[in-house]
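Order of writing sets the labels: A, B, C and D. Residues in every chain begin at 1.
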Amino acid sequence: MSKVKRIGVLTGGGDCPGLNAVLRALVKTAAYGHGISVVGFLDGFSGLIRDRTLRLEPDRVSGILPRGGTILGSSNKDNPFRVPAVTDGVKGFEDRSDDAMRVFAAYGLDLLVVVGGDGSLTIAHQLAGKGMPILGIPKTIDNDLAATDLTFGFDTALTTATEALDKLHTTAASHHRVQVLEVMGRYAGWIALQAGLAGGGDVILIPEIPFTIDSVVEAVKERAFRGRTFTLIVIAEGARAQGGERFVSRVVEDSTDSVRLGGAGYWLSAELEKRLDREVRGTVLGHLQRGGSPTPFDRILATRYGVHAANCAAQGVRQVMVALKGMEITTAPLAEAVAQLRLVDPESQIVRAARAVGTRFGDE
Amino acid sequence: MSKVKRIGVLTGGGDCPGLNAVLRALVKTAAYGHGISVVGFLDGFSGLIRDRTLRLEPDRVSGILPRGGTILGSSNKDNPFRVPAVTDGVKGFEDRSDDAMRVFAAYGLDLLVVVGGDGSLTIAHQLAGKGMPILGIPKTIDNDLAATDLTFGFDTALTTATEALDKLHTTAASHHRVQVLEVMGRYAGWIALQAGLAGGGDVILIPEIPFTIDSVVEAVKERAFRGRTFTLIVIAEGARAQGGERFVSRVVEDSTDSVRLGGAGYWLSAELEKRLDREVRGTVLGHLQRGGSPTPFDRILATRYGVHAANCAAQGVRQVMVALKGMEITTAPLAEAVAQLRLVDPESQIVRAARAVGTRFGDE
Amino acid sequence: MSKVKRIGVLTGGGDCPGLNAVLRALVKTAAYGHGISVVGFLDGFSGLIRDRTLRLEPDRVSGILPRGGTILGSSNKDNPFRVPAVTDGVKGFEDRSDDAMRVFAAYGLDLLVVVGGDGSLTIAHQLAGKGMPILGIPKTIDNDLAATDLTFGFDTALTTATEALDKLHTTAASHHRVQVLEVMGRYAGWIALQAGLAGGGDVILIPEIPFTIDSVVEAVKERAFRGRTFTLIVIAEGARAQGGERFVSRVVEDSTDSVRLGGAGYWLSAELEKRLDREVRGTVLGHLQRGGSPTPFDRILATRYGVHAANCAAQGVRQVMVALKGMEITTAPLAEAVAQLRLVDPESQIVRAARAVGTRFGDE
Amino acid sequence: MSKVKRIGVLTGGGDCPGLNAVLRALVKTAAYGHGISVVGFLDGFSGLIRDRTLRLEPDRVSGILPRGGTILGSSNKDNPFRVPAVTDGVKGFEDRSDDAMRVFAAYGLDLLVVVGGDGSLTIAHQLAGKGMPILGIPKTIDNDLAATDLTFGFDTALTTATEALDKLHTTAASHHRVQVLEVMGRYAGWIALQAGLAGGGDVILIPEIPFTIDSVVEAVKERAFRGRTFTLIVIAEGARAQGGERFVSRVVEDSTDSVRLGGAGYWLSAELEKRLDREVRGTVLGHLQRGGSPTPFDRILATRYGVHAANCAAQGVRQVMVALKGMEITTAPLAEAVAQLRLVDPESQIVRAARAVGTRFGDE
């Protein structure tokens, strides 16, 4: 039986299918295997600084394995080192990390498990710097964390994006249309690349391979020349034209209304319609990619992460992130985990495979 | 054996899951049951006026039952009475309905089967007026044709919209968000209403029940007051504020780019975010609703329409549309089919059922 | 506000997707619309005679709309008029219907809502005979209740069966196999008929149309003659050969083990393999058809039933079953509801449609 | 441009989702990248010895990426070294491998690509021994090939099995049942293990960990003691009791009929029902696991295998199998590929993870 008696856990950042599977595995392994009890903090770091908790026992996590979302709630707003605050009527930020340390101590916790992406793990790393024992569990549908081969949630997002492409495929073919699908990926193009490969995307545009609009136009025309009357284009939200900026959602003031615009997808659709003089339709998948029941792959990976974190906690391992290396779950230093993003290498085997089957990346 | 020897068929208007199932059933029944051969016109009325065809035999339609789209292609551009044309450098339209009559005659056809929605069936009705024997098959994912109880494609679109709501539900709940989902329905709110009922939408906004933004804001706040930290809103693309216009996609000139904006969904998201001072996320499902493999319900309905049309063709029935009445397939005069749309009755049982379980329509 | 203050509800018989949607709609409508509170009895009539209950409030039914199963539990064992009992060491039955009446009275209930199929509604009818006010809600995946056009659960079962056929289709085609799929339907062949239509079944065998094995063999051979190297056969569990008995699961004593055999599906597979001298594969879908998240269609129908039952309860309507007639929910006398089953009419339009596209029923 | 001009390909053994994706990628890469043409042999080795072929050009493989099955057909009967034959009225086998060599030579092929599992690759290895240049592509839904980390088809089978468990879960919980699901895996328990992990199986029985029926009975009782009224059991078809034989489908002579019995699943269901005196339901997934559209993961892996095989073919690499090692596609000697199976290690991290969350393996 471990000397560790009680640990905390929170889920931070954007939603991600598999969070509940992590919590279930963590709590069950902690309880059954090590006699450790688990305190859940609500809504990410917000619950930690405001002392809002949910006691997590095996019964409470029973049945949540297949469910999307997180029973703890999440938030990507309350960075303890930079909490939005109004002082003397002026909007600003305040450092409430001492509150976090105090709450942590008040519960007599031996460790805090942070399930999060780049942002949440960076905060966790800072708390570790203040002396809080931390275990990280990587979480991002973008799959862009450098210290692990894969993150849970990605396979589910990929499946949602591929099913969308399958649907657009039949309707594009019937109507001889150019169909543009914008998927998530602000810095890394993993979802666009793999959904494009799986869904037969004719053109794939990702942040790591800046494109020219001329090349995309050319790809559509060349297909038409070969009798293919439709073209499917997958574009990551963070894709960018050569020499250009990353597209970002922006607000347009239009007489009376201000309207948030989709970025890359709508821009590309409008641009192509102008240049091609034919019907182009754009779809932005958006938050659909963050929801739904996790795929079996994600449920298993999330479960294994949760089990490993509980075991590490019991063994006194700290200041690391659990990670997948090949077929095994292992750990990586927290510092390394947040040091850099895992981007698509334009020269990698998988990109070359996509080119081999005829996919264009807009840089030809 | 019928005196009818050869019939034509075309699929017109927007894409709709089940078109291939109709073609398969029509061709098989015509061939096996009546010895009638079928000529398919490509890309809607375009193929009819330009004489572009595909011979449809049982072998060619084998295996297409579960596939989205239409092997004939479709188009919503080439109304034979109003074909886009350039005369003396001026863009305009010309009447090519005589070409349509000529091609029809040249193939020695006894009848033309038109699978289409309101637009295509109106054209078919006009061709009937010129003497062309017509059989209509109703097709619209919006389910807004008055002369039939149900159209195929609707159940598939409803399923796609409901699955989207299921996904948004988990992520909205985890992040305490207001999530807005825009679905199809320019004049009739059937998809929004039924997807909202099936997916647990808290607020449903449809063209038939004009809303006030105050009422929607109130619904979100009331939920928050009762401890429900998230709200799911389903809005039809044709929904409109009381006293206001129908939202339509519009183009905004933003310094260098012109951008097509989503209508109702994005507008509402921006408006709510402003008024509620909290995170609101909008998703526009768009063409995903027109694609994909048809549901069993749609495959069966489409098959029954195709069979019935072939039988009607053989029996010399003309100038009607096949239609579902209760559990039976029957026919309705073509004139009646295009006379009016089938809208949601705000006082109907199904709307009252939605209100009974707590759904708001923005008119309270 | 209604004079009715408190009602009970139970879910009886086999599992059926949509039960939770019924409970949610019933409880919400009762509470919000009529100020009626609802007591749930656990595990069907078992909870009624043993006084095991769950208080159902709007909060408790929140979020269960998309879930399969029933939060009340179900059972098809405890008929109050015939409860298994051991008296003086002898297994027998006892009448505990007076216990049911007593528990009903003890809770001060104005009405009992019974969600059930043929069996449960017959019991409810008997309790009505003893003076208990009853409202029935029809529930059966078999869709074989005469007094309603459709029951919830059927569309979900149909979808599961059709997806199975879609999967078997690709593998049958690749391996040139005869694939037999056994689906539910002891007396009525609705699932087999409609899944066969939707999934492109080449042969459909249902209880209402007794088949000959010779005709089935002939159908396979004829397809082979036309170059179709595979055949998909859908068989209802209650299908029967002409002049033969209904297949039922039976137990075979095989030296040491007794083994429960699937009925119709395995029998047919073995028989065809013998006669055709080629690979035949049988699959029995079984309980998969009773599980899973209900389709949008079923969620809506179940919700409408629940709402209507609550409204009827408030208005003092008793001894009826809610029912779908065309597009409206209405009521039918309970006596009528249990009087007879709704079977497939071999001469009906839908059977003739299946024949028209080339489907065989084994009676040719 | 490669010196290689023309290669052959065949798909052998049991069906597997992703075969079409392999063919598409192979043909496109061969044509676009290397100017190599591809001849497809029909129905596995059968087409090779009988000279039945399909010319595979990019147009012919267009659109097949998402489809299950194989457009080439498959067979697991015609081992060229042991073809069923009747000589002088006696059933036996003949060696027709020389026919295979002759046909291969007649088409002027530089190489034969064999997409197959253990059986087909062993045959390919033997043909290599006779001098035929071979490239293997691993294919098995069981994921039991030692020389590669993963095979395509497995993720799809896993998904089908997990969806079945999700469905059984709701109905088991509602009816307080023991539900047994038999999945594929004659020698390796990968599907049972991972589907069990993903679907929350309470007991997982696999060939690599022989079980005792007492232990399984104990697991069900212990759950009941803790208030869990249902138990989900996943059993691989090749699971076996300690000291016992592997279960295999067997034929029982029952008066007039001979009936093929499911093996492990039905046996276990009957046995448990006897010992527990409560309702146990068994479902055998069977061929559903081999069908359907491949998951995105499988489509990508299959595509990468196809691309890599074409590249290897062009570069003159022979007598190897393409394989996944970590994140990269590489090659392994054909001899190594068929040397041994990849089994579940009972002491592996993933098995221990399953035990950590409370899963029983019947050996406790």
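Please note the rule applied: contacts are C-beta pairs under 8 Å (C-beta built on N, C-alpha and C of every residue); 3 or more make two chains touch, one makes a residue touch a chain.
Bear in mind the structure is a predicted one, so any value in this text is a computation, not a measurement.
Chemist: Report the chain whose mean Cα position is at the greatest distance from that of chain A.
Modeler: It is C.
Chemist: Could you work out how far the Cα centre of chain A sits from that of chain C, in whole Å?
Modeler: From the centre of chain A to the centre of chain C is 41 Å.
Chemist: State, to the nearest whole Å, the distance from the C-alpha centre of chain A to the C-alpha centre of chain B.
Modeler: 34
Chemist: Any idea how many Å lie between the Cα centroids of chain B and chain C?
Modeler: Between these chains, centre-to-centre, one finds 32 Å.
Chemist: Mind pulling the chain C residues that touch 2 or more other chains?
Modeler: 166, 169, in rising order.
Chemist: What kind of graph do the touching chains make: line, ring, star, complete, other?
Modeler: Looks like a ring, each chain touching just two neighbours.
Chemist: In the complex of these two chains, what residues of chain C are touching chain D?
Modeler: Residue list for chain C touching chain D: 11, 14-15, 19, 43, 67-70, 73-75, 160, 163-164, 166-171, 173-176, 179, 229, 252, 254, 257-262, 266-267, 269-271, 274, 281-288, 290-292.
Chemist: Going by the contact rule set out above, which residues of chain C touch chain B in the complex?
Modeler: Per the stated touch rule, the residues are 24-25, 28-29, 32-33, 58, 63, 65-66, 149, 155, 158-159, 162, 166, 169, 194-195, 197-200, 293, 295-297, 299-300, 303-304, 307-308, 310-311, 326-329, 349-350, 352-353, 356-358.
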